[in-house]
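The structure appears below as structure tokens.
To keep things simple, chains are lettered A, B, C and D as they appear, and every chain counts its residues starting from 1.
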């Protein structure tokens, strides 16, 4: 039965040896040599330092293509033409499934045909050398972004390959990304990833870790996301990580988004040990996008505006082609520049919106309820508590595809467009908070002259792609019109 | 010596006959027949009614090409693909100069070559029939937009041609648009335009009139714009206009823009006679745009966000190609849809920003100072007062190219990005208000560690196109680096 | 409202290692509301799981969803697997079927060649899928009207 | 700072019926700051007014600005008018020179054919125009450095 305890050094070495034998490139890892490589990198490539010392939100896109030279070209473009402050390398789906063989096939096919037959960069297959070639070629720090339940080999190779930031976590890369991996299993695997990052940290190479805040990207109530961020931050801290970036995905209501980012930073600082430097990352809208680049630019800009007000440490931008598919590099850079323009025009303005403190207070109270129930479920151990709380449904994520979460909680927007909880299922929450949500949602139902139902949820899921924030009834029968 | 008095009917007829003889198409105007044509139009083409009864900001682009069929196609596109609520017809520059002969040449060359040799639609040359073909072809109401100091013939033909909204005014289409026309002259000419609109109004065809609020489009302090809007509204009301849309151009600081739009509506209602229905129009940023469509989309979106908060009756959108030249129809429609998306996502949110009431109060006080000085200059007559006040410099517009304005007042942004007055010249203003501006600007100068100077103004003029709101020194020498 | 379509069973799932669940959640709801009997296999469903479920529930249609850009690889040989299991159902595929900014007509061809009866893009409303199913499975028009008229 | 360029006179104005004044306001300021003697004719300046001013002030360069899209028409025959008036000055044109979304290289050609020595697009910083003037009017390098070094 695993607990929230640091993996002992010998155990770390044992697992490390074992997982590195999983694919040929694993054998090339030499920890001492890797430390020397990191030490040789200029200050401008030290991810944690660059992020933590920035005086305004840094922008980072998403991007990953199979071939190394293409990936270099893509990132150079995003750096030069998009003016990205931080760069990504998004990993392909086969690697996420630990199917390095299939990834190899895809990579070879890509090399032969010139087509992108993988939806990301297979870093394990490229190996340490390939990774370092990438790191060396670019000026900005680069993060590994993936969605891998078992990312141990990916971490071993990319850390040794010179990456200093690694997205994900045992919950956030499990619940939204996979059906069958148990939580206990992914926690155990991520303890290794964090422990490895901690081993580098101990040697002065502070690997930045970034739990994935948006989760399913679809109307996730802020407190659920924040509680999971705190848990993953705690787990990482236990293993020795000292630079942690907690994430949050825009819901589109400015007051709620600013309040949530404030709460995320505040509770992160409070719950995580003092020796951890906590930063925040804001993801531009992660749900369904409008099938129209012009409208998508509006969605992106609203994200920029929110970022200018809340001033997170980092913003992950979307492209106007988000709806359609993997964006061209031009569209990706355009998303960066649109965001930059909005932020830079708005950030020097004093924009204090009423009601942020109240909303933040509500989010904090909700988050504390969830944290309390997690600790209670685990008799004080956050690992056990997380597993038990998901099991009982006291902790849950809307639209979770994973068997490890009930996925029974359902969100809906209130009359102001803030995300509330419509179906609580077994989610743990104080009654007075539930009453607040209930009242807000019944106010909306009144406005719309209809009952609260799954149809409202479905309408809200589609609303932003349909051009609105709130999924108001349109007169004509929509989804669920027959119930 | 002209005064703010209604043109008598016989005088109206006399001038009407005279000006209609200025170009062949003028002869076709038959007032009674025109009234019947207007009466035959469906409710959806009654500009004033559509605008005044809307429950959210209506969107209108700018657009004009020389040939009729091209103009129809262009407007259909903006209506169908851009989802414009209100349509424009922008007139070419030769017509604005009353050079109908040159416009005719341009039009014929356009017809021969298929190229757009004019920068707008020569409505006078197209005549009543051409105008009506346009009105008939589109579903939405259409406004005439131009920039013509002497727009009498244009008005006579377009009103009879079925247009029910007409932009401009004696100050707003003089000071920013022309060097040599005297104010007395343009006022006299616009009295006719307004009187003609009033004649239609009397017969139940409420022609909407829209003074051009952005003026030079470049850092115009809100109170200057609002005072001129009120004056033009008063002049129009005197001549019998009953539907007046006062305009304002975004300066980019959200608090100041919302405050200005609030003040515009409030003071418009207060200063204009009760029988006038006062609405407001917000122009997305009218100054220099970034030479990059992605960044331009950010500027446009900030305008949309501001509109969602202030909720003017109408928004005039910009396109992402504003910097480059006359936009393609696709870019024009994109500007509309980006704006729509931002407004529709933000408008249902309760976004109350601190400090709007204070800023609005300041703007109102400034505007009253200017209105008081205008009345005082004219011994109670607003026409005389306006002429005298511009003459003495008590009323002035920054960057005015006209000989009728001193153009000596200079704006600069304060540390929050609000437009303040740096050089007052002879502008009339209470000392305590001047002190407020002074304090704000010296705060900025302190922040930047430099003196207030023309260089600050020049930096602010370029700031938005350079990607920022405030023209902070960039370390390297910019304009005026040698002074 | 209970319709005759209650007897019409459809199998629904996301193929391959794709985890995008929101689309099929909405689809499941809409199909059920329209009177279909929906067997939702969830995300990350293998070709074999689709075939087994289709056999076990005598499904009249198999609805495959894919969003993440690996649809083509994931569907190679899918129709052979169905055939081997003796599944004789309509097959639909929908979602975001290509990597990158592709032309949809090309994508449609690719998937029709793979054996799918209908191919839908990601702008597809659930109503369109329902209408197609009603046509393909010969649900009578009056029933379908009952469904769409109620608002 | 006083420079030798003080003697170098340039005429500046917006041609035709164009009223866009902001650009030349900034240019005037920058040119003066760089030591040029600027005769600013303002907006809506005719070809003849440019020629007269150039003669009257013995200008070494005539700087024409046009933003509103009629530059080509407005500049037809301009160099003939200058010639007739015996103006022997460098001629520059800048601003937004074409209607619509044109390719700048094409625009440059058009205006070079019309007789302009240099053609600038609307992304031109005043510094570029100053640098070109200094080169074309043989202002010594050390002077120009004095100008750009001070910040």
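Assume a contact is a pair of C-beta atoms (placed from the backbone, for glycine too) under 8 Å apart; a residue touches a chain by one contact, two chains touch by 3 or more.
Since we're looking at a predicted model, the values are computed, not measured.
We define each chain's centre as the mean of its Cα atoms; on that basis chain A and chain B are separated by 45 Å.
Chain B and chain D, compared by their mean Cα positions, are separated by 30 Å. Separating the centre of chain C from that of chain D, both taken as means of CA atoms, is a distance of 66 Å.
Listed for chain B are no residues, as none touches two or more other chains.
Touching of two or more other chains is recorded for no residue of chain D. Chain-to-chain contact here is organised linearly: an open path runs through the chains from one end to the other.
Applying the touch criterion to all chain pairs gives A-B, A-C, B-D.
Put simply, chain B touches chain D in their complex at residues 93-94, 96-97, 99, 106, 116-117, 119, 176-180, 216, 218, 287-288, 291, 321, 323-328, 331, 399-401, 454, 458, 461-462, 475-477, 479-483. Contact residues of chain B toward chain A in the complex are 252-255, 290, 292-302, 304-305, 333-342, 344-346, 348-355, 415-417, 464, 467-470. The touching residues of chain C, when paired with chain A in their complex, are 1, 14, 17-22, 25-26, 29-30, 33-35, 42-44, 68-70, 73, 96, 98-102, 122-123, 125-127, 146-151.
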